[in-house]
Amino acid sequence: MKFGILILEGPYQHESSDSAYHFAKAALEKGHEVLRVFFYQDGVLNSTKLMEPQADDRHIQRQWSELQEQYDLDYVVCVAAAKRRGINDDVIGPGFKIGGLGMLTEVAIEADRVVQFGA
Amino acid sequence: MKFGILILEGPYQHESSDSAYHFAKAALEKGHEVLRVFFYQDGVLNSTKLMEPQADDRHIQRQWSELQEQYDLDYVVCVAAAKRRGINDDVIGPGFKIGGLGMLTEVAIEADRVVQFGA
Amino acid sequence: MLHLVNKSPYDSTGLESASKYAGKSSGILLFEDGVYAAMSGTAYEDRIKEIMGDHDVYALKEDLDARGIADRVVDGVKQITYPDFVDLVEQNKVASWS
Amino acid sequence: MLHLVNKSPYDSTGLESASKYAGKSSGILLFEDGVYAAMSGTAYEDRIKEIMGDHDVYALKEDLDARGIADRVVDGVKQITYPDFVDLVEQNKVASWS
Amino acid sequence: MIVFRKAPYGSIYAFEGLENVLIMGAYDQDVSILFIDDGVYSIKDGMDTEAIGIKNFSPTFRAIEAYDIEKLYIDKESLESRGLSVDDLVIEPKVIDASEVEALMEEQKNFFMF
Amino acid sequence: MIVFRKAPYGSIYAFEGLENVLIMGAYDQDVSILFIDDGVYSIKDGMDTEAIGIKNFSPTFRAIEAYDIEKLYIDKESLESRGLSVDDLVIEPKVIDASEVEALMEEQKNFFMF
């Protein structure tokens, strides 16, 4: 099945990004397609490679980047939400790209299901 | 009276930072002291000079920086919370500095009141 | 004491919790989405009146105006501005609920 | 349909809202802090049993384990893992509540 | 379907829900819009946000008509329990009850909850 | 006073509350700690967070003793309504009722709510 994933909350403050990651990983391991992960609202903050969590903590951007590389996924960070929060091409990690909100509409059209994390 | 202000939520996603700003401004205009504004948890994200909100929107970092300059305020961004979220010395705007959580304890000791925004 | 509440009573239990632990002489200040608790003609009106039996209740005018409800506030709720908010915090110890 | 709920029922009205609008054949999946609604011996136990009269209720085992409550789940709530979560989303349209 | 269920200004959800409505309209999607819970507050008339310094987005809801978006619904109980009637709103969604909301949701493919 | 009132892991509040307890202890502050509402869940025993990938911080609560922090309180009704007793907790706060919580709060200077 073709999934889209939508993330509305930032890293560490809420569990939403972790949950989205575990869901995406489980879906991919079952052989489903993940057409796009769309990072929106505070969700855009998951993309910054400037994050340096404590040594005993997970590195949320790297987890996402590694999953992207492993499955050649499409990660879109909403441009308007990103600019508002200080996220730009210079700070996003590998595998993320910045794009318009229309790219969420596109995945809503193309995917069988869009699963929203953070509300 | 000596106030401390504590901010736990980031810019734009929640109103907390706006409320804290309006409260701080009103307190200063009444002649009160604001000993320190402590940016904690997602609150650290208010400090990034990389934010570029839409032209018709407020620029939250600049509002804070201007208030700091006008009243020579002390703004501390929690180092551990900042690192986790990609905030460092290179991205913080004028008037902000990065410091330890002990600087919140200090203001709790020295201020008559600490007002928390975001919970 | 003064208890600050910034969430809608329909969305969050912050106001219920604040009023549960607040002493009888404590005030409750509604701001941000918390101001919806002060609106008249609602399912919450009886409850806010009950809370007003034990506490002074304040609602921030700037947030009421933003939401278009300043003309529909329950009688007895005191509409205050940010300068008044500062005065209340000067006069009272303060705790934040959401 | 499947309704996802990620907030504690003591903190947020998300589960009440989801159960209000959910059709009788819809399932409700509790995860993150939402799993506290599935715990037995609580003030919410009667309510979750009532909801279970109309809906299949699932609770995510990973989140139950994290909170130390996997051994205290109300009878009839189905404990599922992330792979099961994926299966449920494959089988149902999905909406997220908080 | 785009569902508004949070109040405006306390969080950015309602604003971003509206952004999504406009984009989906621009893509000529046959989108349905539903106001429930505190989402009904996002179309309350008479907002004046000047003193809080956040842009009042409620007039933009009127632009929905320009996109030929006609499937606008609002939950009766959410509206009434919050002391509002359709006369208090900046647009005119169709008032439906909870069972109609349920039926409407069953017809949709996707749900974006703001 | 540091007040825990949110559940662990869904948000970072409980973790940061604990960080504050430790810092205030390091500064030799005579800090009181109160668990109410969903905050009582943050000291539930038996947490295993491996599968969600977030560090289990509950054992760190035991370090509180090393800082001579003894003023630990928990609200009886919050505990009982959530199906818990003191035997379920990683530390042993003093169980007090809502009126005692109220009296305790009146004695404090500051409130950090997590």
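As written, the chain order gives the labels A, B, C, D, E and F, with residue 1 at the start of each chain.
In this section, a residue touches a chain if its C-beta (ideal position, glycine included) is under 8 Å from a C-beta of that chain, and two chains touch if they have at least 3 such contacts.
On a predicted model such as this, the values are computed, not experimentally measured, just so you know.
Asker: Looking at the contacts, which chains touch chain B and chain E alike?
Answerer: A, C
Asker: How short can a path of touching chains from chain B to chain F be, counted in steps?
Answerer: Minimal hop count between chain B and chain F: 1.
Asker: Suppose chain centres are the mean of their C-alpha atoms. Which chain sits farthest from chain B?
Answerer: D
Asker: Once you count every C-beta pair in contact for both, which comes out on top, B-C or D-E?
Answerer: B-C
Asker: As a test of understanding: of all chains, whose mean C-alpha position lies farthest from that of chain A?
Answerer: Max centre-to-centre separation from chain A belongs to C.
Asker: Have a look at where chain A meets chain B and say same if over half of the interface residue numbers show up on both copies, different if under half do.
Answerer: same
Asker: Would you kindly tell me how far, in whole Å, the mean C-alpha position of chain F lies from that of chain A?
Answerer: 33
Asker: At what distance in angstrom does the C-alpha mean of chain D lie from that of chain A?
Answerer: Result: the chain centres lie 24 Å from each other.
Asker: Can you check how far apart chain E and chain F are, centre to centre, with Cα atoms defining each centre and the answer in Å?
Answerer: 39
Asker: Hey, what residues on chain B touch two or more of the other chains?
Answerer: 12-13, 15, 22, 41, 57, 80, 113, 116, 119 - these are the residues of chain B that touch more than one other chain.
Asker: Going through chain E residue by residue, note those that touch at least 2 other chains and give them in order.
Answerer: Counting only residues that touch two or more other chains, chain E contributes 9-12, 37, 52, 54, 109-111, 113.
Asker: At which residue positions does chain D touch at least two other chains?
Answerer: Residue numbers touching two or more other chains: 6, 10-11, 13, 32-33, 62, 93-98.
Asker: So which chains end up touching which?
Answerer: The list of touching pairs comes to A-B, A-D, A-E, A-F, B-C, B-E, B-F, C-D, C-E, C-F, D-E, D-F.
Asker: In their complex, what parts of chain B are in touch with chain A?
Answerer: Counting only chain B, the residues touching chain A are 10-13, 41-42, 45, 48-54, 57, 61, 80, 83-88, 91.
Asker: Would you pull the chain A residues touching chain D in the complex into a rising list?
Answerer: Against chain D, the touching part of chain A is residues 1, 3, 15-16, 19, 22-23, 25-27, 29-30, 32, 113, 115-119.
Asker: Please give the residue numbers of chain F that touch chain A in the complex, ascending.
Answerer: Listed in rising order, the residues are 9-12, 52-55.
Asker: Per the contact definition, I'd like the list of chain E residues that touch chain A in the complex.
Answerer: Chain E residues touching chain A: 12-13, 16, 19-20, 23-24, 26-27, 29, 109-114.
Asker: In the complex, go through chain A and note every residue touching chain F.
Answerer: By the definition above, chain A touches chain F via 12-15, 18, 22, 56-58, 63.
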